[in-house]
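Chain lettering (A, B, C and D) follows the sequence in which the chains are written, and residue indices restart at 1 in each chain.
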C-alpha cells in the first residue's frame, strides 16, 4: 500500500481555511518543518492548531502565528514564544491550555476510539472548569475527552513507502499519538526507504495510521537551548 | 544570607534515595542532578520522552533530536530509553516516578501550588506540571522564600491560578526546609545563619516551629 | 446445493477494496485471504499484534513467536509491523481498519450478533470480537445459513448472549448475500442454483426481496 | 539501576496465596513459562490471574488450572482449553470474561494512572451489566475501570540489567501493558544483556516499569496451531 506523495505540496493538499490540524513536536524538536513552511507559503488561515508548543517567534508554528494564520492554539506550553503570549494576552488568538499529559492522552484517545477518560491532572484548577469530577480510590479526577483533527502532520526520522515510521530520540514526543488521531495523517521523514527496509519489530508508528508520506527537502532542525559542557 | 540556587539544589539532592526515578523541573530543580549523593543511583526522567538523562553534551556533540523538557540539549546514560509523550505521562500519572522536584510562584499552607500563569500579565502554560503535581506522591518545591518584591511565596492561600491542589509535601527555599501537613508549614531546617525569626517573618502562611530547629548541613 | 466454505470466502473476497486494512476472524473468514481480487492491494491486521500478515510458513520455517489471532503460525509481508495489544485495539476501536469479517452463531434482523457463548454448555470467550463489532463501520458476517440441526441462524432476535448490538451490515452465507437495514435482511444475491424460496424458508428473521435477485458470480 | 535477580526462585519471591497476578502472552505465544513452572512447583494457591488466555491443558497457565491453584481467571478467551471450560461451567473457577481490547486497555490504564475510560466494546451485552452507559457522538459507550496486580509477570526476547525490554514479533501482545500495571513487575527474558547493549530508540518497555529481571533457564515456546504450506 503505497502512501508516497511526490512533494510537500501534494502532502498538504486539501488543507483548507478553518481546519483543525495536529502538529507533532516538542519545542522545535521533531516538528514537521517542511509542511509548516509550505502552509506559510500557502497562506491557509483560520487554522486551529493542536500542538504542545507553537515554535519560536521565527521558526516552526511561530511562523504561522506571525502570519496570523492561526485562529486558535490548543497547547500545553507558551514558554518563550513572545508573539504567542502577546496574541493570547491581547485576545487576538484563542488559546486552550491543556496539561501536557492530558494533551498526549487525549490525542491517543482520539486515535484509539476512546471518547473520554478520567485523569487527576488539573483537578481544582482552571482546567477543570465545566468538566465532570469523579472520585476514584478516594482521589478526585476530571473527565477529559478525545481530540482529533482533519489533518495530523508528523515528522519522523525514517519512514517506508507503506507509511511505517521510526522516530529518533526525543523527537518522537507527540508524533505517534497525533499520527493516530488525524483523519488524514501526513508524515514527513528525513529518510524514505522501501517497504521491507525497516525491521517490523522496531516500527514506532505502524503504517495504518499514515495516509501520506514524503521525504522532506531539507531539515534545519534548529536547537532552542544549546547547552554544552567543555571537554 | 540564606542559600543561593546551588545551595537549594544541594539540599534537595539529599532527599534522593537509591533506586529512585526522578523528574526535575526547569530552573533550580535541574541543578539537583549535579549533586547526587555518593553511593546512590538515581535515574532522571524528562517528560518529553527520555529516561536515563545524562549531563549536557560536549561542545560540538549537541543533537537537535535529543533534548530535555527545558528544551536543552542533553546526553543519555547507558540503559536509557526513549518513548512517546503518552507513555511518558503514563509513567508520571501511574506513579512510577518516585520524586518530582519543581519550581513555584506560590505555595499555600495546604499544599496548593501555583506556577503557570499571572492573569493578564504572563502565561507560560502549565506544560507537564499539572500532571506531575496531580500524580506524584512525593513532590518537593524548590524556590526562593520571597519574590523579587520581597513578598512571601509561602502563603495562607495562593492568589494566582492553581497548578494543583493539596499536593506539595515539602518545600526547600533559600531560607528553610519545610514540610506541609495539617494545613501548615512545619519548619524542619534553617539555612546556615538564618534565624527562626527571619523565616517566621517571611512566611505568610501558618508556620509551625517545634522545639529547636537544626541548621541544614550541606 | 449452496456454497461450501471456500465459496463463501470467495464471495466475501469480492467485497475487498484497494488500500483497505482488513481483520479476518477465525474459520471461514481466514480463507478470504486466499482470494484477493487481482489488481487490488489489501493488508491484513491480526488483533494479537501484526499488520501485514502473509501466508502460512513453509514447513520447518514456523516461528513460535509469530502467530495470528487463531494461534496459527504465519509469515509477514514486506512492510509489516508488530505492536502490542493496546495499540492493536486502538487501530480497531479507532476505526483504522476498514473491514472486519467474522463468524457467528446467530445474527438478528436488526444486526445483533451472537458468537461467543452457549449458556451452560459452551463458552469460547469473546476474544476480540466485541471490540471488533462495536467499532468497525463495515462488518461482514461469514457463516452457514442454518446450524447443524437445520435451524436458521438469521433470526428475528438472537437467543444466545450477544456479542454486539445492531452492528452487522452484511451477511454472506452458503445460500445468499444479505444486507441488514431497517430491521430486515435484504436479499442481494442468491448462491448459484439456490432459489429465493429456499432462502425464504431458511430465514427466520424478516426477509425483504426486491424484484429479481441475481445469482452470485464467483 | 540493577534489577537483575539470580534465578526464577528469587524472581517470584513474595508471590503469596490469594494474590492477583497479571501474566503476559497470547495463547502460548510470549508467556512467562519459567515463572509459571516455578509457581506450579511452589504450589501457591487461590490466585487471581489476569491473562488473555489460560494456556492449554498441559502448558502455560493450564498447569496452574490443572493443579487448582487458580481461584479466578480474568481473560478474554477460553478457546480450546478444556479444563478451563470445565472448571468454569462447573462453577469451580470464577471467571471474568472481558473483551480483548478492553482487557488490554484496562491493563494500560492501570499502569498509566487512568482510573477509568469509555469504550463502545461490549455495549448491550453481558459485559455491560452493572456498568455506566454514556453516549458520545450519538453512540453508546460503557465505562471500564483500570486493572492492576500485585505482581505482573512478563516475557521478553531481550532485556538489559536496568529492566529495559524488547519483545519479538507477536510475542509482544499483552506484555508491555501488563509490565506497566504490576505493583512489582517480573520480566523473564531469553537473553539478558548489559545496560547500554540495547538501542534506547528500540526499547519497547522502559526499565522504569520492571522491578526484577532474569534470564529464563529454558524456553520451550510451544506452538499451539502449527500451520504450514509445502514448498
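In this section, a residue touches a chain if its C-beta (ideal position, glycine included) is under 8 Å from a C-beta of that chain, and two chains touch if they have at least 3 such contacts.
All figures in this text were calculated on a predicted structure; none of them were measured in a lab.
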Check your understanding: Any idea whether C-D or A-C has more C-beta pairs in contact?
Key -> C-D
Practice item. Using mean Cα positions as chain centres, tell me which chain lies farthest from chain B. Key: C
Exercise for review: Could you tell me the distance, in whole angstrom, between the mean C-alpha positions of chain C and chain D?
Suggested key: 28
Point to revise | Distance between chain centroids, defined by C-alpha means - chain A, chain D (Å) | key: 32
**Study point:** Mean-CA-position distance for chain D and chain B (Å)
**Key:** 36
Check your understanding: By residue number and range, which residues of chain A touch two or more other chains?
Key -> 105, 108, 112-114, 119-120, 167-169, 200-201
Check your understanding: Where in chain C do residues touch two or more other chains at once?
Key -> 50, 82-83, 86, 89, 92-93, 135
Check your understanding: Tell me, which pairs of chains are in touch?
Key -> A-B, A-C, A-D, B-D, C-D
Check your understanding: Once bound in the complex, which stretches of chain A touch chain C?
Key -> 1, 108, 110-114, 160-162, 164, 180, 194-196, 200-201, 203, 206-209
Check your understanding: Touching chain C in the complex: which residues of chain D?
Key -> 26-30, 52, 75-79, 85, 88-89, 95, 97, 99-105, 107-108, 119-127, 157, 167-177, 204, 221-231
Revision key, fill the gap. The answer for chain B against chain D in the complex is residues 19, 21, 41, 43, 45, 50-52, 76, 78-83, 86-87, 89-97, 135
Point to revise | Residues of chain D defined as touching chain A within the complex | key: 105, 109, 112-120, 136-137, 141, 145, 166-169, 200-202
Check your understanding: Which residues of chain C touch chain D in their complex?
Key -> 46-50, 55-74, 82-86, 88-89, 92-93, 112, 116-117, 120-131, 134-135, 161-166
